[in-house]
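Each of the next two complexes has chain A plus one other chain: chain B in the first, chain C in the second.
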Partner chain A sequence: MTSGRMELVCPAGTPATLRAAVQAGADAVYCGFRDETNARNFPGLNFSGEELAEGVRFAHDHGSKVLVAINTFARVNDVDLWKKAADTAAECGANAIIAADIAVLDHVAKNHKQVRLHLSVQAAAATPEAIGFYATSFGIRRVVLPRVLSIQEIAALNRAIEVETEAFVFGGLCVMIEGRCYLSSYATGKSPNLNGVCSPPEMVSYDDEPNSTAARLSGFTIDRYEPGEPVGYPTLCKGKFKAGGKTSYLFEDPVSLNAGGMIAGLKAAGVTALKIEGRQRGKGYVTEVVRAFRKAVDAVEQGGDAIEIDRILAGQSEGSRQTAGAYSKKWR
Partner chain B sequence: MVTGNTEPRLPAVVRYLFPAFAGLPLGPLLTLSLRSLAGRQPRLFDRLGEHRTACYFIDPIDLAFAFTVVPDAERSIVRVVGKSEAATSSVQIRGPILTLLSLLDGTLDGDALFFSRIISISGRTAAVLALRNTIEDAELRPADLLGLRGALARLVDTGILGALDVARQMADRNSRSKAPEA
Partner chain C sequence: MSAIALTLGPVFFHWSPDRLLDFYRRIADEAPIDRVHVGEVICGKRMPFSDSAWPEIIERLERAGKEVVLSTLAAPATVRERRSIADLCTDERLVEINDVTALPSRSGKPFVTGPFLNVYNEASARFLIQRGATTICPPVELSLAAVGAMAGACPEAEFEIFVFGRLPLALSGRCYHARIHGLHKDSCQFTCERDPDGLAVDTLDDQQFLTINGVQTLSNQVQAFCPAPADLTSRGVRRIRLSPHTCDMVEVAKTYRALADGREDPKAARFILSCLDLPGTLVDGYAHGKPGWQAAPSI
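Moving on, here comes the complex of A and B:
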């Protein structure tokens, strides 16, 4: 069980969002460079080296940490881009590097011993054996947990490992084991694991049609929305397809994770840090969500509960629907 | 295209008071503002990358006219156009004018507005994302567009943002009074 105060880890897609997250109460922000070394490689998003250095100074001046995500998998014969990103993050004074690729982990462990290593969710490490391997081999200090574990499983895991755990509490969900999803690759030739983009926006279109709007990815219709119906970003895992004569969300409903009501449970399970997803979201989202979770975490730390958070954050979710995800596995 | 019924909109009379030709002077003024901004903050436009030459059709649905914007730094062009010119642009963004202005200073979150269909987009999604992220990071204030600094900038920002806030409250009351009872 974690003895200290839980750390609130918040997303920053741009320098302005980093400042907004820090000012809203983030204990740490995570961000990435403007290239394919991180899993949110979207147009107009992310940081240059200069911007990261400025962001680190701002965060440190306000008592917050900066964690840099270099968490995609390096290409064969092209590892230098990933190594250079790690070098730049270290030079900028980042508190930690979040990585999944063994080559990147090895490079940081050998060359930047002053920088903490956090194992990205992209590594999909969910067993004491897997986490132990990364801890022994590369000295990782924290593991970001895949979103497939119940609170009971997290508690059992924490009893069996020596490193800190970080759990997602709000934002988009992946249906697959993170780091091993190839759905986007089939439709677009690009994947979040290698290129940092799930459903690359240059292949996304929203087409107005009589009485509906079609969301398409690379020409494939992923979903169709009635007038006034909330829409979502067209990812294959959350698409509506026809199978067996029935049209439904075949893989996963387009809902967002909200574990705001489970903060006390996660603390009791020994979780060190709570992570908010959404580096692609704007300042308004980050400010509102971080403020709400700041209040909720502080309330839990003082022995209260955080039930109000569901109402506050209802409008911020993709598809305007929320779930507690695997944290509450009612089917087991 | 669908937008939320209770989102603050300007009263319908505004479309009659300010017909399409009344907006024409805004084109050259906004072009000058954008080019001047690019001269002062060149780094701001870097985020757009290849999308700085895209043509964005911005349609305030409660006004009689729309805009096309090519945000190519010191070669930027803003034109006031009719609603029918959407087809010639790379991207179309539609929503109530006060909501669109709120996106400029980051008061409202573009994704949440889009997911709930208060604003709508069509065309090149990558270009929309690049523009959204650029605007988000720019943290533009009215004085930035006007090239003002110091005390005068603060005064102008307070005046314009205060006026916008009042307009939003009035439009909100107007929209709510016309919304059907639940």
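Moving on, here comes the complex of A and C:
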């Protein structure tokens, strides 16, 4: 859909990381309110109305946009809380609201026509028909693509739709289709759709056992580590399980997404914006990752080759394993 | 006559055409079920195997007086999958929508929203009802109280709650049956057909936990929510959904019919279910607003 310069959309979990991301070169930052209306409802994160207003002023003064995620599904009989979050975002001058729930999209479309609507990845809209439905019904201007599509499929999709697309390029990786995963509530009672949390920290335990440490979520063993082995967070879909006589990381290895090498491909596929995951990350991390991706995107825009991009993004792995996820067909 | 109607949801697993024909023949002849969902909802790659069986199954069920609902794919991707949804949406029978992809082709005609469609509140429900939703079966993680609150706010539609079967918990772009067999989805060899109730996934400490079924993840435990009829009717919930497994589904249906009619009490119904050859232990946590794997203390 686009032939312009790709937009770099960066995480802002706190006012401090918002400023850091803007100063590191983010074209847009995304953030949420300090409640269950957004999908990163973690203690110590997110914004009050005043902080958002201040953040929007700062971002706009520096030529960046602010996108506000109100992307959980409104609780029955409490829809007003989600509507009020949208009203506050609009009053603060947010450039766009990122939403997934029909109730929220409908409210914004009817009451805040000046605010762009972006369809959250939590809405899992992956076909021209689904995206067309949201465009016709609510006037969405952009869809954040579900992490199930290959680059070829994204290119075909962009030819068939009339709204912009935004694709994740770096950070945490959901293996399941986001917005359609209840694994967390099955184990813990809390889920991304209901509460804006996945595998919540208060349900995590690290139990020292003879010759190993077990990482458990709500009592379910998600992984086990030898003495001296680095201990990971027990995210459900990155656990080690037994099935069919095999013990393996059945759903996904403990990897994170790095599609840095695919920026040029995503541009050629017609993607408008590249998204970095990580609203739970601190200022230092955000600064470093945004700075590197800023350089990489600029290099791609100037026709830089793959070797140059790789060199710019080397060192963005934190020593952990990475994958290009569904962008590469073999991932499936 | 009955205040509470019984639905048999779509088969989630890769059953052979013969197994499907046998299964629905028995449902048609023996199961006290009002409405039966047919069709593949999990994986479009399986559709060529079962496509030829559906006309006979539908004919048989309708001849037996069942209302047939055509269920559609939950995560369509290919052109062929999208076309199949659009085609099914033109049918005069009721259609179950499991992905927003189907909405434009079905708007204005009656449809059921299945548990894969995110309907979490009365405002979303109302929006869909205005476009033709007549029955709403919300996501399984919602409690009976939440479903009841939606039903109370939207009396113009029928609300349905998932009471029996392994719980559909997640979908992925990745096929886990292929992955565990060292294959990719695009050349999967249909290994999912070996596991007609899904393949059990246990923790490293042998705790029963999940089940994989191709791109789908379900609970290992079996939802067996057995409410007293008044718990449903007082909240305006008028339909319950049973999800097919290889166990004796006629007996499951008879048990829920007796429960809904007040001929069996919840405790007795649960006991009867526990005597069947179920693929996992009984749970009902979600219905009570608790983690899905939990079971209410013996009623």
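Keep in mind that, in the parts below, the second predicted complex is superposed on the first by the 301 of 332 C-alpha atoms of A that agree within 3 Å, B and C clash if a C-alpha of one lies under 4 Å from a C-alpha of the other, contacts with A are read in each partner's own complex, and residues count from 1 in each chain.
Basically, contacts are C-beta pairs under 8 Å (C-beta built on N, C-alpha and C of every residue); 3 or more make two chains touch, one makes a residue touch a chain.
Note that the structure is a prediction, hence the values are computed from the model and not measured.
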TODO: Give the label of whichever partner, chain B or chain C, reaches more residues of chain A.
DONE: C
- [ ] Once the structures are superposed on A, label A:74 by its partner contacts, choosing first (chain B), second (chain C), both or neither.
- [x] second
- [ ] For A:246, decide between first (touching chain B), second (touching chain C), both and neither.
- [x] second
Open item on the list: Just checking: does A:126 make contact with chain B only, chain C only, both, or neither of them? Give me first, second, both or neither.
Closed with: second
Task: Shared chain A contacts, counted only where both chain B and chain C touch the same residue - done: none
Task: List of chain A residues in touch with chain B within their complex - done: 13-17, 20, 42-45, 200-202, 204-208, 213, 227-232, 280-285, 288, 315-320
Task: Contact footprint of chain C on chain A as seen in their complex - done: 73-79, 100-103, 106-107, 123-130, 132-134, 136, 146-149, 153, 175-177, 179-183, 185-189, 191, 193-194, 214, 218-224, 237, 239-244, 246-248, 250-252, 326, 329-332
- [ ] In the complex, go through chain B and note every residue touching chain A.
- [x] 1-2, 47-49, 51, 106-112, 114-117, 120-134, 136-139
Task: Of chain C, residues touching chain A in the complex - done: 74-77, 82, 85-86, 99-105, 116, 118, 120-124, 127-128, 139-142, 146, 149-150, 153, 167, 169-176, 178-181, 184-186, 199-207, 209-210, 212, 217, 219, 285-286, 289-293
